[in-house]
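Pasting the structures here.
In the two assemblies presented below, subunit A is common to both, partnered first by subunit B and then by subunit C.
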Partner chain A sequence: MGDFRYWLAENKGTLLAVAVFVIMFGIYAGNHSAGFSGMVVTTAANKGVLLALVAMAQTLVVLTAGIDLSVGMVFVLANCLASQLVVGDALETTFGVVVVLLAGVLCGALNGIIVIYGRLQPIVTTLATGAMFYGIALWLRPIPGGDVNSDLADALTEQLPGGIPTSLVVLLGIVLVVWVPLRRSEIGRAIYAIGSSEPAAYMSGVNIDRARLTAYVVSGLLSACGGLMLTFITYSGEASATIGGSYTLNSIAAVVIGGVSLFGGAGSAIGAIFGAFVLRTIGDLLFVFDFDPLWQPLFQGVILLGAVTLGSLRLLNVKNRLDLFG
Partner chain B sequence: MDANMPLFQMQGVAKSYGGVRALEEAHLRVETGRIHAVLGENGAGKSTLIKIMSGVVQADAGQMMLDGAKIVFPSPKAANAAGIACIFQELSLIPDLSVADNIAIANPPRRFGLIDRKAQRRFAEEALARAGAEDIHPLAQVKDLPLSRRQMVEIAKALARHPRILILDEATSALTAGDVAKVFAVLKRLRDEGLALLYISHRMQEIDELADDCSVFRNGRHVASYQAGTKSRNDVVEMMIGREYSHVFPPKPEAAKTGAPALEVAGLNWTHRLNNISFAARPGEIVGLGGLDGQGQRELLLALFGVLRGVSGDIAVNGVVRHARGPRSAKAVPSAMALIPEGRKTEGLMLPMSVRDNLTLPALDSLARFGIIDRDREQTAVDMMVKLLAIKAANLDIPVGALSGGNQQKVVIAKWLMIAPRIILLNDPTRGIDVGTKQEIYQLLRKLADDGATILFYSTDYDELIGCCDRVLVMYDGAIVRELKGADITEHALVSSAFSIGSGCMDQTGERQVG
Partner chain C sequence: MPAFLARIDKPVLAAFGCIILLLLVGSLYSSSFLSPEYLLQQLQVASFLGLIATGMMLVVLLGQIDLSVPWVVTVGGMMSTAAAGWGPLGEALAIPFGITCGMIMGLISGFGVAYLRVPSMIFTLGMNAVAQGLMVLRTGGFAPQDHSTETMHFLATGRSILNIPNALFVWIAVGAATIFLLGRTTFGRTVYAIGNKERAAYLSGLPTQRVIMLAFMASGGLSAFAGVLLAGYSTKAYQSMGDPYLLPAVAAVVLGGTNILGGRGSYIGTIAGVILITLLQSILSVMQIYEAGRQLIYGAVIISMLLVYGRQKKAS
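Entry: the complex of A and B
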């Protein structure tokens, strides 16, 4: 059973996020006036999935010990693009979806290329490119509006027979198609290696540039998936700096709650997904307990701080103070 | 084809870093089935030589030949592909990945394009067995392993690539004595299997035991190559340092110190790593800490310096019980304690900061007036230290990381001498530095002791303990098992007391989890 111990040590951050989410969602569903109904779950799931996708995008860059401040803007850009292109018959809609995802890939690639070949810090690079992406979004959709293929939108945002929210299945599909293979590929290994110790990765003959570029590209792709889902949920596009900024910051919070180390090299996108769910449930919890909405940001902050503190409780057990800085 | 053609050859290779010649006209012949030792002081060009060989840096001039064909290595990957694997002094392991992930990092076994974890685990287990480190669990995260186990993983990782040429750069410096014996057996087996090994070490006994051929470098130039055993140790040392090898250690005082102890420790315990440690040290004494590596010596020094939490027992300074709450309270005046840490690049120095800023950091409070640093006083203090330790730096405003290893270590020591410490704790201060600097450090320690400082000196090098210390406390499994004094401090006594209890597998640390 020695193997299990090592597995537990590697995944404790993720497991903690899952546990916190299960407890919070249990309280939420138990106290909701409508009970643990399909609608409650679906509404919550749709909101959670949006942030979960952006948090997954953030995870990839954070794993390389970087930070991506443009995820929210790619999300908004994809939303605006989708509200123009994902309309019409099946062929046109498919084309639109492909273009939106491709736009996400291009945004990610731009970030990656600047960080890798320009040797600029990720935080500054993505701050600048994020503003650019937002500018493009604003140009595409100066005033909120647009439309989306409603058949596809409804199919992806409502319920499956049996009450399971479709958006959760979409998220699961994205995890299985994007995250799981990446986690188990050589490139995925290299992404962790870069974040953990870039000099050691280089000395080990790891292809650093390819891995980092992949991290940014997949990050862009996942943000675009999120933007696409947003369009399906709202049936419209809006170039909102507020939405972009709040998704960026919440994605960082979700990643931290999900047990991903901001120093890079440790954690999992699965943890970040549950981190996003936890964050979203905070808002819903306040709603069911009838708190004045004005109190929401304050409580959200307090609970975020509490959740993050939970993750650093292990520091109380550190017997060698030098380990505090590790 | 010439039958005498070596596997690998280097001719007229030169390399400069920003105008400083690190290597010129370097020659080297590496043959299969032989262990080739490269000797030289730090700064002799050994590191540059192997960096060129392993593709980390590129030569400015000269050529390299493998199997008689000219080759260039633009990257470590290219050198790896050509069959050259290097075990560096600075570890190349990735802390957050598991042992198996690390061993298979360059080319993990794959199935359907994805990493096959079962195959990877078998692969890692094989490699660990090949390195004689079966006790390390392949799923353990590298960051949880102690230094000596990491080094074994590093060796396993290099072997897993099935190299034709294996380069070991101070690869045994972090190992326990038991591991060194295992690694030597492995290296000899590899030689018999037809590998070419290039071995770099500061430890002469290791070279005597292992090497078939030796090449000596000095100041970036190749001095001589000879068959092992054809030169006396003294000849070799003279070739390396180009001066008489005598009086390495300063003379010890005749009489044992008496008087009140400056540092008294009674019944010190910390987790399971320190067990009931009691001893006393007097001003003017150099007290050595001996024993196998990783027996609690480092933890003892950290406990005295207030770095560890949950330490029980009494620590008395000048007869007054004082528990430091951290380095800041330990260095404060009543105890005036200094710790020269083990990792000069991590805990010792801020590498990107200037030599000057590094030097004055612990003493800033005494150099500042109302919180503003007094530049003149800082300059005076810095000048004094640079002179006292003969620190060689082109300029005091260059980053300390640009200095050679020996000079970096001098800066670490100097910055602590700034606070005029009365108790000096040293954690293996001469690891990986050249003979000349070592000698200067020994002289300095004796001078500090003569001036009334109390010195606690942990070293993994038995010669140092014998040459420098008035007394040696031998540790085993977190406890002091023997105290050696004066003429009783011999290599025989040190080794036998270090091993006297429970020989065999004393190091199960591969299984130990932190936190």
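Entry: the complex of A and C
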């Protein structure tokens, strides 16, 4: 029983995000005019998966008590690169996918190297590298357009015979191949340790640099996966600072809603995924209930503020006022 | 080394060194780079960024950050031009009204950060989204009045004394007030104290939460003020007019030697940072490099300058 209570305490945030999502999606599906059809679910899943991938990328960096303001730009960069390379026959397409993922890894590695060996703050570093990534994306695709291997794109963004959206399966695959092994590895534990207390981790002989670099590299890889999926969904690439900025913003919001601590060391990518789904469902709910589209941005902003303010309920439990000032 | 030089931080000296270097590089490219007319024009453009960076610096000194700059700037521009549409009284009050709206935004951010203890990074991002929502609501569906008043235009583009741009006078006034505020008032010293260790400042009996809230309010007001001037500069307010100012503002503050973790930094450094960023942007556009290359070089230059002199002390 003791184990269970410990597990519950650690996964409280994740479970809360899952619960909120299930309730919201239930309301959404129940009230959709077209009913709970396969198309509705597939469209919703595709939108959710994009943000979920970027939110996972953000989670890794946030777990180390950092922040990555360039995830959205890596996402856009991968989108532009994929719209150039992921075309042609099977061999060329495979090559394109590998190059896109490699580009994401390189972006993440650049962030990591500057933060770790250059000893600059993550927030400033990623703000500046974000500008660089956007520059490269713009160079690759000055005007929106491009193409993508449509067989592959359709295979990954439509639905399986049972009506299950393929993109959800892709997301599950990425979680199983990237997140679960990482979480269970020594490096994964080190990432949590750094976020909890870097000096303590250092004193315990944790290889801090290696763990932190891994977090940034995997973050870049996941953002690139997101950009790749975006290309499969839109069949084109666009170097848009607006898209990049909004994905960065929403990834941070998703991470917070998903119960990941911005101070590092607590939370999981699973929570962030459901945080992303919750955010996307809010938009869909507004649509279903015929909310005036003009009010949507304001409503989303207010919900975001409300969600992050919920965290301050803990202030009611603070016994020593000094604990307020970390 | 003369005493007054020794007192200035190394990063500030480095920033001024970089400014001279940029001017030299620019003058190799075009001789008009060193002409007073060009330099005054750069200072005029720098004034807008200068106001935003001043607010950003106050917040960064606390160890926080204000990511709501883009849309609070837009709020300033749009609300002042909105007021200008309400007859003569509205026209007279356009500038204070725009700034007040920004201050209210900042006040809410400050309340969230100081009293609700939400990390500033996420709370100001949320405020940014709210400000965006409000402005979309205002402009969407119909075309509101968005032309700036004569006074705004005069403040932003006019030149009254000795051919010096009025915008520069505004920045000088705000800058002088900030130097006084940071160095000579309890408020300013409290800002530094909080940035170093909020617990210690609180135990010393300082009203840390109130100071944090006021600093965010000042940052919101200054961003909105810059928005007012920008609206005057381009004669109208438009959506996303504040977007290009977030990264430059943070970069200017950090390049000017202010510690991003708070507690250390001088206003002279921020001035240097603002001029540095403005010159860099100007040179990149004079060289007629495409937007793509500009972004790339811009980011790379900021990173390399920071690597040269903005590094943290080795931890643990």
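Keep this in mind: the second predicted complex is superposed on the first by the 307 of 326 C-alpha atoms of A that agree within 3 Å, B and C clash if a C-alpha of one lies under 4 Å from a C-alpha of the other, contacts with A are read in each partner's own complex, and residues count from 1 in each chain.
Following the convention adopted for this analysis, a residue touches a chain if its C-beta (ideal position, glycine included) is under 8 Å from a C-beta of that chain, and two chains touch if they have at least 3 such contacts.
None of the values given here were measured: they were computed from a predicted structure.
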Residue contacts with subunit A in the superposition, subunit B compared against subunit C: C
Partner chain in contact with A:V124 - subunit B first, subunit C second, else both or neither: second
First, second, both or neither for A:V256, with subunit B first and subunit C second: second
Which superposed partner A:D89 touches (first subunit B, second subunit C, both, neither): neither
First (subunit B), second (subunit C), both or neither touched by A:L322: both
First, second, both or neither for A:D290, with subunit B first and subunit C second: neither
Subunit B versus subunit C as contact partner of A:T309, first or second or both or neither: second
Touching partner for A:F299 - first (subunit B), second (subunit C), both, neither: second
Which of subunit B and subunit C A:Y202 touches, first, second, both or neither: both
Intersection of the subunit A residues that touch subunit B with those that touch subunit C: 199, 202, 321-322, 326
Subunit B-facing residues of subunit A, complex: 2-3, 5-7, 9-10, 181, 184-186, 189, 192-193, 195-197, 199-207, 261, 265-266, 314, 317-323, 326
Parts of subunit A lying in touch with subunit C, wherever the complex brings them together: 67, 114, 118-121, 123-125, 127-132, 134-139, 142, 198-199, 202, 239, 241-242, 245, 249, 252-253, 256, 262-263, 294-302, 304-305, 308-309, 311-312, 315, 321-322, 324-326
Residues of subunit C that touch subunit A when the two form their complex: 65, 112, 116-119, 121-123, 125-134, 136-137, 140-141, 198-199, 202-203, 208, 240, 243, 246-247, 250-251, 254, 260-261, 290-300, 302-303, 306-307, 310-312, 314-316
Residues on subunit B engaged by subunit A in the complex (per definition of touch): 56, 75-77, 80, 88, 90-98, 101-102, 105-106, 108, 110, 113-115, 117, 137, 139-141, 143-144, 157, 270-271, 299, 302, 307-310, 326, 347, 513-515
